[in-house]
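Two complexes are shown next, each including chain A; its partner changes from chain B in the first to chain C in the second.
This part shows the complex of A and B:
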């Protein structure tokens, strides 16, 4: 049952990503990205990665969508969109065909090379929780995340700094 | 290879191809940022697939949280740059970004 739901979610992720590329409206494009994130959060949850699913849903599907919606609203791209509907359709028309060809090519390569991966049991992390792994084993990652967030905040502060000349 | 592993691998590759297609075929700066985000979703999917194959989701979860943090910071800074460029040039078309002198 879980596997069926996972496969459906994966199929809808691809459909939402294609829709994201095909929509001419920027806002619809951002909403499609949020749908991709929400479905990816479902996949992560069903795979047992509950904390990652929580972050994906709240941060990627929520915060990033708000950031994109704000950026689209502030730049009012709809008024300045240089290409018309027909031009945009021509530009992205090849995507479904490229994806079908890539998917089929991938299947053929996997079948021809006998590429084989089977899930295996891992005894190394048995008995540990996500908290133990994140805070005790990956301390350098946490430090790196703090530095990246501070760098991002500093960059935004510099970008939107009021000019001295004004 | 079981169906789920295969489906996740194919989905990740299709997401990468979609993102790269968007990167190549668009001239709008915000669309380019969205394309990068789509490629990063594929990376998240590949990380959780690695955890599924290795039999433990704990370590990939820690990596995914790191990827999400980087993804958000990239999106926020890139959106900020796009807004500044729009204010400076009045357009988000990357073909018109030929005035980089301050």
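This part shows the complex of A and C:
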């Protein structure tokens, strides 16, 4: 069951990563990157690295995305500009190569590991559920995440709204 | 006892969060005129709560109180939780005091974007309170980022070119600092398997690190990261631009508390929780950085021509004193550092409020275009004199006592040369403030300023209240020193 979820997560990581490389809007890129980080956190958790998963979720999916969004909102490049046909063709032309390269890399990884994943248990976390780790052990970070989301929402609302008016 | 503590302690996080929810549920249209009173109330409640917390800690003779109302702390020994001790209570008081002063200044300046300013300021208060309350290095990092994000937005609030430039510089430098801090934390985690303050302190005290090189590397990264966030020389490039470009009420909070919470507080925590009673290369590194900041900050302040830029470079110099005190590794140095943190929050907030008053009434902060404002603006002039005398360490004002403790500790730890440099730099402080005072307030009134009047309302109230704190704390300082001596801390 875990291996199936793992495969699905990995597949979506690849899709989100490609989307991140393909989007022209920097904000969409940042969101795609956050999705990659969130899925990677799931993979890390399924592989037994609970702490790493939480840190990945907190730092990459949460904090870094908000910092990216803030930085994007402070620049004018976030505004959409019409793309000419040649630019669009050049960008899309790279997609099949990316997909082929990704597929080959996955095949090499699967061939080398046989895809047998043994979760590594951390002694300090034995017997604790995800809920225990997230809710009871990292309560300060959970509160921090809520405030980070609030901060990001205000940053985007205040700076983007003004940017649109300008 | 515990119930009274937890209900008090939850005020720090709960009250600002409640204010944000209420403001946004009712909406900008109806709440805009209540923003300043609500923000001011949040600051005052926080300051009062921290005083009560301190009194309760003294009454029950406890060093710290841990709390976690919504969660089960006993689930694991690795669980992170909040805690408040004497140092946290003092910095929480500073946060409350500066927040109230900033909202009063915003009301006095008739801030155009009051609703947005209030929301982001309340997030900033939450971030800074979190920094003071956490007991885990990773949670500290999370709240540092919250403080950083709120600061970027506040600096760029008006979306003018100068604000965006200052905000962008702060954003870039802050991102670099965060990368250093995260790298340092990951090395510590590799050695200890935990980022809790007590676990790291235990590992350092027992010298049980399997790879001591990793710990040195970790502290190297942490020193760099926290020094950038503190604006210590040579990592100070972003600070004057950020202070100068921010709207006046934001400068008050940036100069008064944000930089200190984002960097200096973490340095104090490292020194008090991990390295107290030791004198290692880490102490020496912080001591040299502190000294460099004291001297370079003061020298650069003399050459500035803008009120806010002089205050920014003065902040770099005064932050150097706090770092110097904390780096001595002695209790007297630590007490001096924490008290100078408090004093700096008071007198620097007063001076930024004064610069806001001058900006509002004259339309400029360039000192060459100002002169003779003492007669027109007596409250601003007198509060400015009191704040600068305290900054320069003139007795009996509060700044004298904290600098005295820091210089004694520096003498004991590093010898007369380091103490002497710190002492001489105080004369430089007096030099740049005398120049500022003479150019802005003394001498004949400039013709184009003859109709200028004193700033009324919130600006005057906060200048008077903060000056009163500087004078009263200075006069009561001998009593505080006696209490510390009775506790065996001096």
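Note that the second predicted complex is superposed on the first by the 84 of 166 C-alpha atoms of A that agree within 3 Å, B and C clash if a C-alpha of one lies under 4 Å from a C-alpha of the other, contacts with A are read in each partner's own complex, and residues count from 1 in each chain.
The working rule: a contact is a pair of C-beta atoms (placed from the backbone, for glycine too) under 8 Å apart; a residue touches a chain by one contact, two chains touch by 3 or more.
Computed from a predicted model, the values in this text were never measured in an experiment.
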| item | value |
| --- | --- |
| Which of chain B and chain C A:10 touches, first, second, both or neither | first |
| Contacts of A:148 with chain B and chain C, given as first, second, both or neither | both |
| Which superposed partner A:140 touches (first chain B, second chain C, both, neither) | second |
| Touched partner set for A:55, first chain B, second chain C, both or neither | both |
| Partner chain(s) touched by A:159 [first = chain B, second = chain C, both, neither] | both |
| Partner chain in contact with A:29 - chain B first, chain C second, else both or neither | first |
| Touched chain A residues, chain B compared with chain C | B |
| Shared chain A surface residues [contacts with chain B and with chain C] | 55, 59, 63, 67, 70-71, 74, 124-125, 128, 137-138, 141, 144-145, 148, 151-152, 155, 159 |
| Residues of chain B that touch chain A when the two form their complex | 1-11, 13-15, 17-19, 21-22, 25-28, 30-31, 33-35, 37-38, 41, 44-45, 48, 51-66, 68-73, 75-77, 79-84, 86, 90-93 |
| Sites on chain A touched by chain C in the complex | 55, 58-59, 63, 66-67, 70-71, 74, 124-125, 128, 132, 135-141, 143-145, 147-148, 150-152, 154-155, 158-159, 162-163, 166 |
| In the complex, chain A residues that touch chain B | 3, 6-7, 10-11, 13-14, 17-18, 20-21, 26, 29-30, 33, 36-37, 40, 43-44, 47-49, 51-52, 55-56, 59-60, 63-64, 67-68, 70-72, 74-75, 77, 80-82, 91-92, 94-95, 98-99, 102-103, 106-107, 110, 115-122, 124-125, 128-130, 133-134, 137-138, 141, 144-145, 148-149, 151-152, 155-156, 159-160 |
| Chain A-facing residues of chain C, complex | 13, 20, 68, 70-73, 75-82, 113, 116, 119-120, 123, 126-127, 130, 133-136, 138-139, 142-143, 145-146, 148-150, 152-153, 156-157, 159, 164, 167-168, 171, 175, 178, 182, 193-194 |
